[in-house]
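The structure under discussion appears below in the form of structure tokens.
As written, the chains take the letters A, B, C, D and E, and residue 1 is the first residue of each chain.
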Amino acid sequence: ADKMTLLLDWYVNPDHGPIIIAKEKGFFADEGLDVEVVAPADPSAPPKLVAAGKADLAVSYQPQIHLQVAEGLPLKRVGTLIASPLNCLMVKDDGPVKTIADLKGRKVGYSVAGVEEAQMRAVLSRHGLTMDDIEMVNVNWSLAPSVMSGQVDAVIGAYRNVELHQMAIEGVKGRCFFIEEEGMPSYDELIYVANPELMDKAKIVRFLAATERATQYIVNHPEESFEIYAGTAPELNDELNKRSWADTIRRFALRPAALDHGRYARFEEFLKENGLIETIRPVSDLAIDVSVQ
Amino acid sequence: MSASSRLTPMQRLRDALVAVVVALSLWQAIVWLSGVPPFILPGPWRVAVTLADNIGLIADHALVTIAEVLIGLVFGALLGAATALHLMVSPAARRIALPIMVFSQAVPVFALAPLLTLWLGYGMASKIAMALLIIYFPVVSTFYDGLRRTDPGLLDLARTMGATPTRTLLHIRLPAGLPAFGSGLRLAAVYAPIGAVIGEWVGASNGLGYLMLLANGRAKTDLMFASLFVLAAFAVALYALVSWATRRMTSWSRESLDTL
Amino acid sequence: MSASSRLTPMQRLRDALVAVVVALSLWQAIVWLSGVPPFILPGPWRVAVTLADNIGLIADHALVTIAEVLIGLVFGALLGAATALHLMVSPAARRIALPIMVFSQAVPVFALAPLLTLWLGYGMASKIAMALLIIYFPVVSTFYDGLRRTDPGLLDLARTMGATPTRTLLHIRLPAGLPAFGSGLRLAAVYAPIGAVIGEWVGASNGLGYLMLLANGRAKTDLMFASLFVLAAFAVALYALVSWATRRMTSWSRESLDTL
Amino acid sequence: MSTAAAPAQALVSAPALRLTGDFHHAGRPLFSGLDLPISASGWTCLLGPSGVGKSTVLRLFAGLDTGGTFDGEISASDGTPVATRIAFMAQSDLLAPWLDVVGNVTLGARLRGEAPDLARARALIERVGLAGHVDKRPASLSGGMRQRVALARVLMEDRPIVLLDEPFAALDARTRAEMQELAFEVLEGRTVLLVTHDPAEAVRLGHHLFILAEDGLTRVEAPASPPIREVDASETMEMQARLFHALRGRPA
Amino acid sequence: MSTAAAPAQALVSAPALRLTGDFHHAGRPLFSGLDLPISASGWTCLLGPSGVGKSTVLRLFAGLDTGGTFDGEISASDGTPVATRIAFMAQSDLLAPWLDVVGNVTLGARLRGEAPDLARARALIERVGLAGHVDKRPASLSGGMRQRVALARVLMEDRPIVLLDEPFAALDARTRAEMQELAFEVLEGRTVLLVTHDPAEAVRLGHHLFILAEDGLTRVEAPASPPIREVDASETMEMQARLFHALRGRPA
């Protein structure tokens, strides 16, 4: 079998369902692949290591690929793992923030990833607010705790399929404002990136085929697939993962290889408007469909 | 740094037990008095239950971390000692390498993480390197300070005896600096576990650091604190061991605890 | 720990320049020889250009960090010194508090971060606390070791002179332990900046640590390394300052560098 | 000058002392059945071969750690404890390296939280011949100068019992004689126990003389005249020769 | 025993030495126009008041840091450098606290990377009376025992020039006499410079005697008989008294 190294964006969590299932069910093996899966703690490292040729693929985020390509990293999106935003603006359900407009004069926590200010600006402008009306606080390692303990009134960057359940398990009911409903262009939350100069397209095609099969299996067999997922490591078998799994299934990209050019063009435009990139690049510089080119 | 060396093992055990009870009471008191929610700081009882429930899981991960720490500590101590000795013999090293060392120390390890994984991969090597890196400077710094503070009279003597700088270093400065090396090593014993854990955060699939981040990410604060507890307990044990060993190594150095 | 104290200011300046040149060459050599791509480790020239282009931005953030570090260093040193002195007078503190202190040190700060921000908020206080926390133990540990190693003869003398333990501590052990306190303080000077940066990572909207995170998030490795460079340069300057001050403070302690 | 060096306070009465008992280092006996009486308000000189236990005896009186086990009794004629009323000058000078000469001489007062009597300190420093060196640190002093600082320091301590462990060993003959005179003058009325290797010194200063040897303690009669005695008085010379031979003549 | 303590190697020839010049500490002159000749293969004794600069002279010969500035010349009769051929015993014992008695006595060999002559070390340790203490560390030794270890160590060094700074000051009269005899025997043929405070010692050991005082160097004629001299020979006694008065009699 051909060896392949995949860097996750973070520790194994239900977002990585198709990868885990493809490995456990032998779909990778069926494609003649032996995939080594490595999990880091800093999500910004894997794309760099792939760009440096230390791994074949990395799981990353669409907003990141725009910034990274703009900074000259030799990277391209080659597949999609989660095809919609997971990111949400999360508040306490019984808290003072009932609508976005209630954020005026309040604190919003975030974990620095690069684009959250732009996201907030987009969301606020819909409700007649500017960045001057709120205080942005970097809470880095503790999105859910900081909102639960009331240190901030909202956090941006929380995942609707994880943090909401986390709070629920701790006995705090949370609520999400979905940013794609509040003025943000929609995007792919999790994507696969590769170094276009070093990548072996055929191998990636096989990889994506295996994950596609795995996604179908998960959709068709939600309970069994969770059993398989939770069985891979004892620390994964818990209530949060169970709830989160159920909530994530409908977010997996059913066509991992397919590329929506418009999405990437719109997001590039959005970043340019917000001053995060200087020039607009053609989508072909950012993302490709490995199965056609 | 440890309790008086003139205590019997029974007294030490008793003191250790008292320390544990005091620590747990303090912890519980903080939880009660400050009303801090359990998802930020769970009480000792909750953590103990979690620890008992997950003992197998935690033990598996702990063994990995312990191995990383011990290897990192040994290599860090050796490398640190060698560097301090080298700084002592070489004025050039002292003037040029020392500022560079300080400079490099002030670079937070997270910034080096991609570099380390690029060179060392995601295996044990990068964690050992991280543990080594974090203790290297304290060992160099304290040992070098000790070497420098050698009684000038003994150095004069060595000179009249026709010693080469290297032999003076080995036979005079080295033993004279051992108590300071002990200081550095005791600091290292406390920090090596943190180094390994940071290494695991950079990228790992086992170890206590991995377990902690995972638990943190899942808001399983109980599990995180249980892992943390095991890590800290290991650090205390390592400290006690190193303390005992360095004390033996420098038994001639008259420490005056009970005579204040 | 610094170059020989017998050098003229001109010689020191020359040494510092040589150190800078050597460091930059080393850096450039690593970049060339290892072929590490610029988005993982940019070369010194690229970083210099970025630094020049963003000097205003970096300076604004640096000032915040420098203030945090200085305040943290002063309070950490004072608190550490007071703790070491207290450990010396109180056998109970020694036996009970010391293991607890070691235990608490082995808890990586990230685990305490939510707790600290809960109590201290997201302002400067939590960063100062972090800088303080990170230097507290090295100061306590090295100073306490120094206090303990006081010449027993002097302690005997103090005893026959009818000194109370407190006065013996202040007039005998304290001055005798100052060189070791200096060692601890020099370590602290190197680590206080890291403490502040970690504090900023935990939650802040300015400071070099924040700038680094932001640059990292936006894939601006050049900017991240430029901030890092400024941070490290500040640490070296702080180290030199503390080194000079501690050297003056213990001018009577005969350090024997040039007589090896 | 010599009056300024006198103690400022009225003299507390000086008791007689007595040490009786056995001493051993981890089972190795150093002395046993020792009975050493120190008479009140006078100089008792203790001589004996190197390593016999003279400094140990002094440290026992001072209540200091000796590294061994003492099995016996130390008592004062007035029934109150000894160790809290002594001034002690050890065999090594034990100067604090971070203090200058004045600082070292006035250390005792600061350690007791009293205001140091600077005038008296300066007078004593002048008397020990270090007037020109008051602000030097010990590292810049010669061996004999260091010993004189330690002497000035012990003389500053206004205590009824004074224990001196070879206080003049590092001094040349002339300075030594001057220092002996100074100490004798300042310590008038005190109970002084002096350990010395110099028979001439013992004969010059001692009201009572003892020789401690491996085989026990011997009392040697001091000359009839009261100290401080002239070095070249015939009585002193003769006594000195006798003592010298008593010390040298023991079987090897 | 006494043969075992003799040096193992054939003797290198011992040169005469000479120190001429001025010395000052930060502008404060210690001595000026000094001209001190040390004759070959014999004992030269240097006496003088405390703080006059005797130890400084010794350290200058040894090529060690003195904390001051020397402006002059140090030369040997054979024209080769002095500092590399000396053995030096300082005023303080300078024992390494981490080494036991044997370790301290054989330190020189280890510092030179030679195999220590253990038999000779043990013989010397026995000669200085410490046979029962070979594995004690300095902290467990009395002041006089420490000095004897330092003496054994300097005697182990097989050097043509030997500098001794009050090597017997901490010893009782009898041990002192024995150690003098031992040193004289072992150092036969060497050029020895002995700093001492004890006129009797100088008279007993010296081929040549000098008194260093604030106003300069004085040569004192040694007795006609060769050393080592009997302590109570009339010639010695008389000389000693003369020297003693020469030392004491200077105007205050």
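The definition used in the following text is that a residue touches a chain if its C-beta (ideal position, glycine included) is under 8 Å from a C-beta of that chain, and two chains touch if they have at least 3 such contacts.
What you are looking at is a predicted structure, and each value in this text was computed from that prediction instead of being measured.
Both chain B and chain C are touched by A.
Number of steps on the shortest path from chain A to chain E, with steps defined by chain touch: 2.
Under the contact definition stated at the top, no chain borders both chain C and chain D.
In this assembly, A is the chain whose CA centroid lies farthest from the centroid of chain D. Of all chain pairs, the one linked by the most C-beta contacts is B-C. Relative to the C-alpha centre of chain E, the farthest chain centre belongs to A.
Remark: chain A and chain C have CA centroids separated by 38 Å (rounded to whole angstrom). If each chain is reduced to the centroid of its CA atoms, chain C and chain E end up 49 Å from each other. Centre-to-centre separation of chain D and chain E, using mean CA positions: 27 Å. Residue numbers of chain C whose C-beta contacts span two or more other chains: 36, 40, 114, 118, 151-152, 156, 159, 168, 201, 253-254, 259. Residue positions of chain D touching 2 or more other chains, listed in rising order: 65, 92, 139.
Shown for chain A are the residues in touch with two or more other chains, namely 48-49, 52, 141, 145, 149. Two chains count as a pair here when they touch; such pairs are A-B, A-C, B-C, B-E, C-D, D-E.
Contacts from chain B toward chain C in the complex involve residues 1-4, 15-16, 18-19, 22-23, 26, 34, 36, 40-41, 88-89, 91, 94-100, 102-108, 110-111, 114-115, 118-119, 137-138, 141-142, 144-145, 148-152, 155-156, 159, 165, 168-169, 173, 179-180, 182-183, 186-187, 190-191, 193-194, 197-198, 209, 212, 216, 224-225, 228, 231-236, 239-240, 253-257, 259-260.
On the side of chain B, the complex with chain A involves touching residues 37-40, 56-57, 110, 113-114, 117-118, 121-122, 200-205, 210-211, 213-220, 223. Within the complex formed with chain E, the chain B residues making contact are 151-154, 156-164, 167-168, 171-172, 175-176, 178, 250, 252-254.
By the touch criterion given at the top, residues 25, 47-51, 54-55, 67, 91-92, 129, 139-145, 147-148, 165-166, 169-177, 197-199, 232, 241, 244, 247-248, 250 of chain E touch chain D in their complex.
Those residues of chain A that touch chain B in the shared complex are 10-11, 13, 38-42, 45, 48-49, 52, 54, 141, 144-145, 148-149, 166-167, 169-170, 234-235, 238, 240-241.
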